[in-house]
Amino acid sequence: MDGPAIAADTRPWRDAAARPFISVHGVTKTFGDFTAVSDVDLDIYKGELFCLLGESGCGKSTLLRMLAGFEQPTAGSITIDGEDMARVPPDRRPTNMMFQSYALFPHMSVEKNVAYGLLREGLKKSEAYARAGDMLRMVKLEKLARRKPDQLSGGQRQRVALARSLVKRPKLLLLDEPLGALDKKLREETQFELIKIQETLGVTFIVVTHDQDEAMTLATRIGVMKDGMIEQIGEPREIYETPRSRFVADFIGTVNLFEGTVEAAAPDMMRIASPELGDVLMPPQEGLTRGQQVWGAVRPERFTLSRKRPEGAQNAWEGVVEEMGYIGHMSQYRVRLASGALIRASQSNRMREEAPISWDERVWLSVPPAAFRVLTQ
Amino acid sequence: MRGWFLPMAVALGFIFLYAPIISLVVFSFNDSRLVTVWGGFSTRWYGELLRDRQILGSAWISLQVAFWSANLAVIVGTLGAFVLTRFGGFTGRLLLTGMITAPLVMPEVITGLSLLLLFVSMELTLGWPAGRGLTTIIIAHTTFCAAFVAVIAQSRLRQMDESLEEAARDLGAGPVRVFFDITLPVIAPALVAGWLLAFTLSLDDLVIASFVSGPGASTLPMVIFSKVRLGVSPDVNALATIIIGFVLVAVIIAGWMMRRAARKSA
Amino acid sequence: MTWRRALVIAIPMLWLGIFFLAPFFVLGRISLAEAIIARPPYTPLFGRAPDGSLEIFASLENFRFLLEDALYRNAYLSSIRVALISTIFALLIGYPIAYYIARAPEPKRSILLLMVILPFWTSFLLRVYAWMGFLRTNGVINNTLMSLGIIDAPLRLMHTDLAVYIGIVYTYLPFMILPLYANLTKLDAALLEAASDLGASPVVTFLTVTLPLSLPGIVAGSMLVFIPAIGEYVIPALLGGPDTLMIGRVLWDEFFSSRDWPVASAVAIVMLFLVVAPIMWLQSVQNRREEH
């Protein structure tokens, strides 16, 4: 998991001595008898672009709203830049938020919307509008400064909202589904623009999203949430390659999950007995005992498909192609094994094959032991 | 509901709605004192109306009452609606909900009688209000009009994206500032509609005003009522025509302005 | 922060508490008094007995009077009857109009809707007055029918129950049409197409799809007509006959003609419990159902 050696490591979360910029400690939020956020601990460092990822209702937005000050934690504490945020109302916090609905004031022009926060700071009108103009230039909207929000397109509105939330140079910018209302193509372009702006200004971002691709592209680190709890925090690569639970493995990307029991655990290899796959070799993992129930997770792209049994393969099964989908750069397969198990595998279409594997063919699937991730929960 | 039945039913319905009003207007230009027998075209009843000091005086009183009641009703109703939609739970919430909606279903005779009895007992124990007149009518009208304003304001406040107010807080505005900078401008059209409704309801009210008014403070509906109770009279037709004319002009202007605003933002 | 919040709550709370809620306590207290010729024209609640001790005068005499006199019972029942019949007629007239407007193409729809609302903005009293000119013995209807030779002698239309029904339906028709219209525009046209696609005739489609789905609109519109109709004073006073008993009119006469404030208060209290309370209860049930 070691990345390339960079002169100065920009990943302070790897440095045990680094001081977190935002510290969420033991935060719980209940509404009546519903627990939206349950005992969350989270440290975020200066300059990060942190993504809170989860399905709707997992508590990610509530956590964001507590950081902004719109909700008070039922228990726990939130510290931003060393300052305890309890009892600090939203208008006094060093944070700004970009709302999912953008929340542009409909009765104010674009310019007025952006200058609003600066005027509340007590800035002189001329100065506030000058700075608002600078900000609008940065998001390439200086020509539309006099327009009202309802005269803008969705993408333009999104940029006004971003400009308005950044113009005060907050220590922390909270973004609630910032790209959720844009269509797919615009969303992809905007993702990179967002990263560029974040790097230019050096503001710490926390982004809430339900879109895993968005989180993978944007984030320095991702916090995967489920039922008000954080399931796993890590860099995108960590989350994808070494998920800590079946939920995370399944939530990020596509995965094949097999249940099994530990049969033999050697220091260099582990054998798992699975009702679906028979005996499978997987990488060793400490702390497992014989007979313990585990799950093996493997990504579709780790499989190799071939018409003949691959030589020397440690894990190989024969099956029939039940479904096949051609998506251009790759093809997806669903292969039914004799045991009844259905395996999702994908092959990149790097070369134009003469006769690609197709429906109803008998094929061999193989996968190296190291491709498996052994999960205990 | 196809074929001839539906258009026919609709046409009859609109005839039912408009025939009496049209005949009211037509006979206001009738020379004969017998309102429903045509005696030739004349505008004499308009002249008579303009010389009628009682009608003119009461019209002035009604306009004053309606103006102040509408203003106060918008304040009370908007605050009530704001408290109910934005303040979450507080003691007395249920009571306020009840008090703000109950006037909508309260028969006018009950509202009028109970308010009169309140004013009488208050005068006996507190010495205020001394007698009844403009003030007591304005108070009474404000109370029942506030309920209508509250309904309109509440539905607008519920529709309004609450993140607008949160965004303003987030950008550094305090709660009072947010109310005047964001909430009020956004719900302003609803408040204008509420004000107009309150103004109309106040101008229109006969029953409540009859209970709570005193000598020398007769509103226009009270004067009209005492006139028409004795039978039809042509100068009332003239008055009705003038009111209908006013409403038509106001509706045409409002429609024109709305269309212009729509074209501007498009 | 908190005192500001309290202040904002206090303004509507106090205004309505004093000028809406408190009057009912006064009403209740005076309904227990006795009418006397004095200013104010009712007995005080507290007084001094001959021996100087404090006495409370309160009696249920007025309520006993209301129970025993058939006039009041009949007035209550006939108010409900008149309101009910008027509501049914308003529904029968209003439904086709609302349906037609909801299905009309856009410029036409707005104009028709405006035409429904327009009369509401003119004076209610003058609209009732307009019917007096229509229904009189030598009014527009009788004159027209006689000149066409359909009838020989004028019909008696004014000062009848029929005139009261017409007046109520006429006055409150927009209140029936608007909620129905609001409901019917929400009705997805695809539902009607689906029903006819599945073989339902227009009549069957209407009875099995449109009508059930518009039930909330029917209930809302009917409430908006029924509620004000039941306490109506002006319409029965101007269009009704001397035998058109309605509770609002009885209360008015008790107060203004008999000058009996305590009995008028008792009539109001009974009206509050018999008419207003059930309506408010019904509404709160309906509101709760809508929230879920």
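We call the chains A, B and C, going by the order they appear; numbering starts again at 1 in every chain.
Convention: a residue touches a chain if its C-beta (ideal position, glycine included) is under 8 Å from a C-beta of that chain, and two chains touch if they have at least 3 such contacts.
A quick note: this is a predicted structure, and the numbers were derived from the prediction, not measured.
Here the chain at the heart of the structure, going by C-alpha means, is B. With every chain reduced to the mean of its CA atoms, the largest distance from chain A is reached by C. Look at where the CA atoms of chain A average out and do the same for chain B: the two points lie 56 Å apart. One simple way to say how far apart two chains are is to compare their mean CA positions; for chain B and chain C this gives 17 Å.
A separation of 59 Å divides the Cα centre of chain A from that of chain C.
Of all residues in chain C, those touching chain B in their complex are 1, 4-5, 8-9, 11-13, 15-17, 19-24, 26-27, 30, 40, 93-94, 96-97, 99-100, 114-116, 118-119, 121-127, 129-134, 136, 138-140, 143, 170, 173, 202, 206, 210, 227-228, 230-234, 237-238, 248, 251-252, 255-256, 261, 264-265, 268, 271-272, 275-276, 279-280, 283.
Only residues 68-70, 89-93, 95-97, 99-101, 103, 105-107, 116-117, 120-121, 148, 150-151, 164-165, 168 of chain A touch chain B when the two sit together in their complex. Across the interface of their complex, chain C is touched by residues 1-2, 5-7, 9-10, 13-14, 16-21, 23-24, 27, 34-37, 75-77, 79-80, 82-83, 87, 90, 92, 95-96, 99-103, 105-111, 113-115, 117-118, 120-121, 124, 139-140, 142-143, 146, 175-176, 200, 203-204, 206-207, 210-211, 221, 224-225, 228-229, 231-232, 236-237, 239-240, 243-244, 247-248, 250-251, 255 of chain B. Listed in rising order, the residues of chain B touching chain A in the complex are 161, 163-164, 166-174, 177, 181-182, 185-186, 265.
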